[in-house]
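Next, two complexes with chain A in common: one pairs it with chain B, the other with chain C.
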Partner chain A sequence: MNGAPQKIRLDEWDARHARLCAGGLCEPDYGGTLSRHVGERGDERLRHLLFDNSAAALRLWNFLLTEEDRLRGHRLAGRKLVGTMKDLGTVPVMVFALPNLVAFYPDGAWWTPCLMEYSDGLFKVADRLGIDDSFCPVRAMLGAFVTGSHFPIPELLICSAGAVCDDFSAVAQRLEPLGFPVFWWEVPRRRSPEPGVCLPGGFVASDDQIALARSELGRVRLALEELAGSSLNDAALSASIRAANLVRRRLRALRDLAFTAESSPLPALELLIAEMLALHYCSDRDETVVVLEGLLAEAQARVAAGQGVLPADAARVFWVNPVADLRAMNLLEECGGRLCGTDFMLGHALVDIPEDLPPLEALARVALADPMIGPTPDRARLIGAEMQRLGSEALVISRIPGASHCAREGNIIRQFVQENFGMPTLEIEVPPLSDSLVPALRSRLRALVETAIARRTS
Partner chain B sequence: MITAGIDAGSRTIKVVLWDSEKSAVLNFGAIDQGIEQRRLARELVDRLSNTSGTGRLQITRTVATGYGRNLIDFADANITEITCHATGVAHVAPSTRTIIEIGGQDNKVIRLDERGTVRDFDMNDRCAAGTGRFLEVVATRLGVPLDELGALVQKSRRPASISSMCAVFAETEIVGLLAGGRHPADIVAGVQAAISRRVGAMAGRNLATPICFTGGVALVPGMAQALEKALGHPVGLAPQPLLTGALGAALLALKM
Partner chain C sequence: MGTCHFAETFLRMAASAEAAVFATSCDQMRRAADEAAADNRGNIFLMNIPATWQTPAARKLYREEIERLGAFLVRLGGTAPSPAALAAEMHVRAREDSLEHRATAEAGENIPLAIVGESLLWTHFHLPEFLEARGVRVALDATSDGERRLPLFPGEARIDGDPFTVMVDGYFDSVTDVFQRPNTRLYDWLRPRVRERGIRGIILWNYAWCDLWRAEANRLREEFPMPVLHLDAGEAFTPSMETRVEAFLEILRA
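Moving on, here comes the complex of A and B:
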């Protein structure tokens, strides 16, 4: 810990960075000022965000914002790149089991239009390809492939299909005719109620669904072996699973501490970014552990010192779905709320992958624990249970514009939480740049916070 | 003690001055919204305080609410419309369990507990469906001043069917209905029914009663009846529905 926890602007970070360096801050090779990302990459949105002032948070941001350099470095070092799309966390575990392969997450380009405040032109490319704004902002990924200006084109693209998001499938299908072949693997829809195997995280899937997922991941294994030119044996897979679990445990520890501490030790924005590391490790799994351990140590030190970045009486809000505009996470806190639980659609990337099962069986079960591939009431029940465990006082469901699943799921989740827990709920839509909607979003979030706080004494 | 509540809505700025010693409204007023919200609100507060014989300086505390509340920088605090309408309605109609508020660009369903505290709420999202804006669109298309819509709707014999919830798409339907010779009164009644359906869908099942209807749109004749039909429950009209938000703000200023 270095000074009192605070949220600061980008320009304040520059001055703080200089002070930290003068005080002996030891940075990794991707370290440096945050503001350089505006000049070097056009990440203009950073100017409009508030950041945590810890060195650990700086490292997190620098790690995230330099992934493109890292990918190019991997390529220069002779490693092959695998774009792992949509499955949110399972296939990367397999990729990282092979020493000459590196996984990354092209879907992450959905934040590029936000970060670059539309100067990237990625949506325009997608528009021209017939994927307009009636689709999820992940359509930016199409533009990134066409322009080749945001990540190197991977040697292999692996994308899940089937029960996963159909918007994403529609977007990814456009890649094939553009000359980017995709290796598809199917994720079956988790049916309910149906007897079966209890999955990590609490969902249930039948034996035949698990068998299908296992068989599909077997095909993925063959594709990876072909690309790597070497065998992907169970021992290597098991070692990779253990390494993935290390990341997941660090994240769970960080989340639990941040969500349950009396005063939130880290801001919502950094917690969101940290959680995303579970998907793709920013192309460096070992460094991911270091980054997360830094954040966890910072959070622990702050909690031990009774310090936080927000007032202790902030309303405890559970947040569902990631936001297309990062600014929304700041907004929650400006309105008097704090993050107290999340379902960013990647719960299956946070649970431990079983280490006592054959590795493909374990990965199949985790893939099927994806909250998005089953009935929404199942997801709602899990959200409700988490809200209770974490002491949440209110629920925000953030709709992703154009994402077809959002149109259906919001009401179901809200109704479940309202009827079973009597908690106030709010559904909002956050576009990639929400500036013109900030007054309306602020009103709604503020009203939710007021309601949650008023209920404490009623 | 005199407190002021300012509701800076999307169409109108409303002000209520509250006299805590008499436990009564000292004065109230409303003016059309404009670009200079702060100045307009200030002038209205000054005018109301002067005409009530108090003067601005005697106003102890001011709370702003509404869409433009953040611009009212002379207020001591700003509180959302949800809390202010709830407080205002709980004061004028204490048994209320559900508030339906329809304003110029927002609509809200606010559920209260037995103490008048907000239990939960729903609000329209980015769309103008189910708001006063929908009525403005139809008034413009029909060439009828907004404040005459209420009189017009009384002439309706068979409300037109407006299937779209979207104000933009509905305008296309209105053009078609006019071309088909439908009476404007039936079209307005159809729009009122469409707004009410939209609000009804937002309110969902298990509506707690009594229901109180407030906000500027509550002043439009026929709307309360259209809402009753859509909700399947009696709908009571708040006394001076335009002012409940400002009243709530003035009452909340007392508690600060």
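Moving on, here comes the complex of A and C:
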């Protein structure tokens, strides 16, 4: 039904959608054409992207782009919304253990200026509040809170503090005097190397740091219980952990297949979006599993048929940090590259949460496995190990404009990869709309790709 | 690009020191410590200062970090002080005149001004003189090297019983900084001092790319109904900064 895999434009998707429907495509209630998001929501960026042409990808995009409706639906159904901020993946596991609560990351508003090509005005609101473009694009979240126009205002805001980016912490702090109280919990900066407990994913943390994280998550549990009006017991938490692991396992299977197949079965853009589902399941955990299974089945079918969306000789690129402009993922492929490994700052949301430990202990360990809260050399080593495992040929570090962690981490990671593996590396900066920089970005990415391909024969 | 000058300066100084103690109070310093460690500069200690302050867990973390710092200093060749020696040192500190007292004592005819923000570097030390020469005095030094950092050791009698606990609590309870979450303690600390000292203007001193202080510029304006000058500092107190300060002072005098 899907035909040969390829990347198509938005206008081509409308015709394809009609053909798929005529062929019997069964869509969920949030289904429909992709182009409607331009008219209904102002997601103009979609006009400038290339999409995978599979029904599974269509479902992924529609799922992502209808989250605001879903959140409002949850509220109408009497569920309470919890805005979880910064920790990327841990607190939502706790929230979804309570049936009358739903978690989402207001942080996700950082892509709104890109998707709406600045017509949202969120940066202007942030500017007026003193959070200018010297901050990371996550400042759009501030505008979204103030205007109340991109997500419903949650009943409870929970944000990790401590070993987090300064920009995010500053933006979240700015919310409080504006009338959005925040529940802060401490994430200590992970120390290494020293004797301790091996965390999911391979980092090590000391017992005292795990104890602190566990105790802080205990406070989070109390706050959630108070909001929910019911107890959050270990059995419910354990069930939620098992459900989270289902999502994570599917994602890992998808990533491993996509990154290691001879020809990439899915484009970089859809792989980026898929990874984001691990954070809070786009507000619907069960549907996330369905969406991911659809993508995995599509990828498996393509690999089995020897098909891919990119030439088999595309340079295998490991990508570090998420991009503020989704178009950058298209650009990588246009330049002859393909994704072969990622560190989108959420590695701890992809690993299994231990199921054989008391649930808060397991969640504390996963929270401390966050690649961003420990030493950058540790993160560099993990990236290097992943590059080896996946057969990556080059490294791109994508700086997030204004992000405090980007000022120094790039050099450390690049130096490690170059010295230990001799691989070509490139550091670029991708703003929310990169159109004016595309010629320069293209030249630099092409040079990286050429270098990586040339190394195959040298 | 993107690195704060204060952290950069500290990193440079650390390169020539036998040991360096960094703090996790901001991402810039945390990652500067990473860079120092990645460059194989030995004897780097990164002290984890909790951002939260409301819980016993945060206090415990702070205490453990002080203990870890002590062990680090002993590894460098230092000697752990006896409780009596520590108590004696703390008594001295407790009795010292604070900058707060000095600032009050110096009150005169000049326009009282507050400087809020990060520490001044040695290249900026002439700023107070520059202000005084123009009829303004710094009546509230709320930079990270000013009054805010002075620990309180309430109840000197307690010092002799358990000096370490008193020291840890004294510092932990005195920390009022922009990195804390929530950072209400900073404003709770500022409000009475701004009021009592009749502050008429505020200079926010932050280094370019310091997100934490920069984000407070508008909050300071909302909180204190007076002129606020936001200075993005770099390596030096430049002529253009002087011009901005001069203009600000004109506004204060008007």
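As a working rule, the second predicted complex is superposed on the first by the 457 of 458 C-alpha atoms of A that agree within 3 Å, B and C clash if a C-alpha of one lies under 4 Å from a C-alpha of the other, contacts with A are read in each partner's own complex, and residues count from 1 in each chain.
To be clear about the criterion, contacts are C-beta pairs under 8 Å (C-beta built on N, C-alpha and C of every residue); 3 or more make two chains touch, one makes a residue touch a chain.
Computed from a prediction, not measured in an experiment: that's the story for all the values here.
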*Answer with clash or fit: chain B and chain C placed together on chain A by superposition.*
fit
*asked:* Contact-wise, after the overlay, does A:415 reach chain B, chain C, both or neither (first, second, both, neither)?
replied: both
*Looking at the overlay, does A:438 come into contact with chain B only (first), chain C only (second), both, or neither?*
neither
*Taking the superposition as given, does A:25 touch the first partner, chain B, the second, chain C, both, or neither?*
neither
*A:458 contacts which: chain B (first), chain C (second), both, neither?*
first
*Count the residues of chain A touched by chain B and by chain C, then name the partner with the higher count.*
C
*Under the superposition described above, what is the C-alpha centre angle at chain A formed with chain B and chain C, rounded in steps of 10 degrees?*
80
*Should A:446 be classified as contacting the first partner (chain B), the second (chain C), both, or neither?*
first
*asked:* Looking at chain B versus chain C in the superposed three-chain picture, what is their shortest Cα distance in Å?
replied: 9
*Between chain B and chain C, which residues of chain A are contacted by each of them?*
415
*What residues of chain A sit close enough to touch chain C in their complex?*
129-131, 134-135, 159, 161-167, 169-171, 173-174, 176-177, 182, 184-186, 188-189, 191, 208, 212, 215-216, 219, 375-377, 399, 402-409, 411-412, 415-416
_Residues on chain B engaged by chain A in the complex (per definition of touch)_ = 67, 70, 79-83, 113, 115, 117-121, 123, 125-126, 204
*How about chain A: which of its residues touch chain B in the complex?*
415, 418, 422-429, 437, 439-440, 442-444, 446-447, 450-451, 454-455, 458
_Per the contact definition, I'd like the list of chain C residues that touch chain A in the complex._
1-3, 24, 26-28, 30-32, 34-35, 37-38, 46, 48, 50-52, 55, 57-58, 60-61, 64, 179, 181-184, 208-212, 214-219, 222-223
